[in-house]
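Each of the next two complexes has chain A plus one other chain: chain B in the first, chain C in the second.
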Partner chain A sequence: MEPVTAFFAIILGGVLVGICVHFIPASATGAMSAATGIATGPSMLSAGAGMAGLLSASYSIDSGLSVVLASGATASALMVALTILSGNIANAFGTGVPPASGQTASGQSITGKSTKDAISGWDQKPYISPGTDGHGMPVQTNFSGLIGAFIGGTGGALVLFAVYTLLVPILRQDAAFTISGFIAGGVFLINCVLPAYTLVGKTEGMFDQKIRKTPKTLVSCFIVSSVIAMIIYIAAVVIQ
Partner chain B sequence: MSTDMKKEFTSQELYFIALVPGIIAILMVKFYHPVTPIAVILIWPAFLSGANAVRSVARYGLGTGTASIGYWGTAVGATIAFISQFINPAYNFVSPYFEILSALIVGAVTGICAQRIIKMKIPVMIRDSAILASSTAIIAMFLLGMLTEYSASVTTVDAYITYPLIYIATTLAILHPFNGSMGAGENQRRTLRLSAVEASMTTALFGLIALLFSEALFFTGISVIIVSAAGFVIFVKRWFSAVKEDTYEFAWTGYPPAEH
Partner chain C sequence: MLPLLGAALSGLLAFLAGIFEDSESNAGSASNPNSQVQLAPQIGHRHRYFNKAISGEPPANALWVTTAATVAVLLSVRLEAMGTLYSVILSSVIGALVSALLLGLYGILAHISRIASMRTFRQPLYWDAIFSALPLGISFGFLTAFSLTLLSFTAGMMLNNPFSVPLIALLLGITIGSIGSATGDIHYGAERLYQHYMFGSGIPIAKQGDIDIKGEYGYRNSVDTPYFTLRFGAMVTAFAFGLLIFLDSLSRVFDFAGVWTSVIVELGIILIIFIVTVRLEKYTRDKYGPFMR
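== the complex of A and B ==
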């Protein structure tokens, strides 16, 4: 990868990371089964998925870009899938509530006034506990989380590969490898907090009305990632 | 609350107190490593500045949680400090100014995006994002400098195995003071005193890391641990007296048990 291509890859990776946060269902009040989504803040959950992706991608760093991207994406998706599965088990057998989308049940999701799950077709309304905004992760939310993690894992792996490409000519391979991993992790954390500002701590994923705010995230992450990419480029290429 | 009526430090005041000694501390460890134990004292204000920036922003209700803003701030500062490690040593004279300025710019740009594009209604967002990112860059640069000894050929690039620890330790020292003090009656005095406690704990930890990292850093590690431990004792006493004062005032805000 050419240095200039790596520069644009860092920006693209950062933007993908930002977008992924909108797709991963998360809600702090989910811890009390009072809202749909995994029981944590969106940014922290996305960061966790991203780290899993980076860890996996780093194992295949010598296998070329496509393998690195695939490795990062699948590891992130696997992490989110397992988290959703564990969350649903805890909800069903621990709290005693079935997975149900609060927004869909109230006819306020992106799919319109339908109260049915967009993928399974199951009606959500009868399963909502009174006084809550849903609980657990129903099929459509699970699907959205997988897509989000796939996007985020790809973005993180892209940043890792791009930074590694820039560092390999100027550092020892072990140092380049580790430093690029941490820089990719840093870019991930920087970009996944910005979207969380638009989500205000809760999202049901791509069927949530907040998905309409994605363009704001896209622009913000593009600007911030461009500045970060420029600093990395200056340090690795210009001041050498 | 008598403590609330006391004048608070502004973010700019604390940042200035952090910036000047912080740069002096980094230059001290870069150019004359034996003075590291003295430089450690000069880096503590950077922790206070970072913790105050977290407090300042998180008080408005971010929607992401105090932990997230701490992770974000350190992500900017530490990432830029790590990026600077692969700059050609011939351009060493630009450090630490390049890192601190870059962190300020990235922090301010993120704040501008949050304020103008995402439309967050937090008036201090731009200023405190920049201060938070820059304070963490100062801390990360110092810790990296502390773990190196150029006369013994231990360079900053060799310290890459400590990056995760630098990242997590700095993050916790920055985000926890406000997170640990928040709730009714939270005030800047108590939060900053807790921040000083955690600053001394963090530098003590890195003194231990220096001991384990290289034989060339043995005396640096020992002396940093002693200075940090002394600071820890002083700060814990000050913080605990503030906790006792505030708790005393709070004990009589409710009904005594006998009146129930």
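== the complex of A and C ==
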């Protein structure tokens, strides 16, 4: 990868991470089975998935860009899939509630006034506990979470590979790799937190009305990732 | 053989770390349900829960584990003469001890500050609430840091991860924090804190903060919490984190499609998990039925 390509890859990776947070269903009040989504903040959950992706992508760094991206994406998706399954197990057998989408049940999701799950077609309204905004992760949010994890994992792995490409000519290989890991983790964390301002602590993923706010996140993630990419590019290529 | 053994050992260590991490966060009300403990005095419930939420669970765990792993790496070089295995184990114990001390220091200051901020609502600072729950939290914190430091060494030395051990620990710390916060906390937040509400319902938003403050023996404190959540919530966390690490490591043991093997295996596993999750949803809908109002 050429240094200039790597510069743009860091920006693209950062923006992909920002987008992924909009797709991963999460809500802190999910811990009280009071809202649909994985029971933690969207930013923190995406960060966890991204770190799992980075860890997996690191094994295949010598196998080329496409394998690194695929490894990052699948490991992130594996983390989200397992978390959704475990969260639903906790809701089903710990709290005794079936998964149900609050926003779909109230006819306010992006699919219109239908109260049925967009993928399974199962009605959500009768299964909501009164006074809550849903609980657990029904099929449509599960699907959205997996797409989000694929996007985020790809973004994180892209940053890792791009930074590694920039650093490896000027540093020892293991040092370049570890520093790339730290920078990729940092870029992931920064871009995960930025969407928190548009999501305000809760999202049901791609069927939530908040998905319409993704362009705002795109702009902020683009600006932040550009600054980071510029610093790394200057440090690795310009100053020698 | 070594990668298979490494995958099995990683899975075991990750499973144990999952149990300890969830118990540590529940003993200290460190994650999402801490908002309920924080709300309780505002609606007139004086409680004896320990509340040490300083940050989200992922960065907190990343701090404890990275501290332990950094100390362990530095010490293991000094103790190299003992042999690799013994130097790694001994240095991991010392690293985890350092991180447990750090956790204790943060824990005591965070709890006192949290309770002091509730002065307006006449929430007293109970010394027994600190001195009974804090050692338990520190113990679980020590075990989490120890398991994850060993797991980081296993990933670095047996599975040949090219990252340095402290960086692996940082990534694992953030991942275990987000899994623990997303799965085990439901058992604590929706069930243990609201045991006086009927089983089979989410907690209405209007009732939040109305936590159960009476325990089996007098007032409930945070030592009782892991006693309850260890039976289910901690196991669910351990299941998720243990399986993630085990399956991710296992996917690299096979070799039938060259460098793409692990990607193909993981895609297959994701598909199976998705199907199981959908079947679970169908099962709960059929079993519990619509909500009876």
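Going forward, the second predicted complex is superposed on the first by the 240 of 240 C-alpha atoms of A that agree within 3 Å, B and C clash if a C-alpha of one lies under 4 Å from a C-alpha of the other, contacts with A are read in each partner's own complex, and residues count from 1 in each chain.
Basically, contacts are C-beta pairs under 8 Å (C-beta built on N, C-alpha and C of every residue); 3 or more make two chains touch, one makes a residue touch a chain.
Computed from a predicted structure; not experimentally measured.
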Of chain B and chain C, the partner touching more residues of chain A is C
> Touching A:V224, do we find chain B (first), chain C (second), both, or neither?
Replying inline: first
Answer with first, second, both or neither: which of chain B and chain C does A:A28 touch in the superposed model? both
Inquiry  = If we overlay the two complexes on their shared chain A, which of chain B and chain C does A:T141 touch? Say first, second, both or neither.
reply    = neither
Given the touch rule stated above, what does A:L171 touch, chain B (first), chain C (second), both, or neither?
first
### Message
Contacts for A:Q103 in the overlay, against chain B (first) and chain C (second): which applies, first, second, both or neither?
### Response
neither
Does the superposition put A:F182 against chain B (first), chain C (second), both, or neither? both
Practice item. Figure out whether A:L199 sits in contact with chain B (first) or chain C (second), or with both, or with neither. Key: first
**Asked** Thinking of the overlay built on chain A, is A:G41 touched by chain B (first), by chain C (second), by both, or by neither?
**Response** both
Residues on chain A touched by both chain B and chain C 28, 41, 44, 47, 178, 182, 185
Note: in the complex, chain A contacts chain C through residues 26, 28-34, 38-41, 44-45, 47-49, 51-52, 54-56, 58-61, 63-64, 67, 70-71, 74-75, 77-79, 81-99, 120, 122, 126-139, 142-143, 146, 174, 177-178, 181-182, 185
Residue positions on chain B within touch of chain A in the complex are 62-65, 67-69, 71-72, 75-76, 78-80, 82-88, 91, 94, 102, 105-106, 109-110, 113-114, 117-120, 157-158, 160-161, 163-164, 167
Seen from chain A, its contact residues with chain B in the complex are 28, 41-44, 47, 167, 170-172, 175, 178-179, 182-183, 185-187, 189-190, 193-194, 196-201, 216-217, 219-220, 223-224, 227-228, 231-232, 235-236, 239-240
In the complex, chain C touches chain A at residues 31-33, 35-36, 56-58, 155, 159-164, 167-168, 170-172, 174-179, 181-191, 193-194, 199-208, 232-233, 236-237, 239-240, 243-244, 247-248, 252, 259-260, 262-263, 266-267, 269-270, 273-274, 276-278, 280-281, 283-285, 288, 290-291, 293
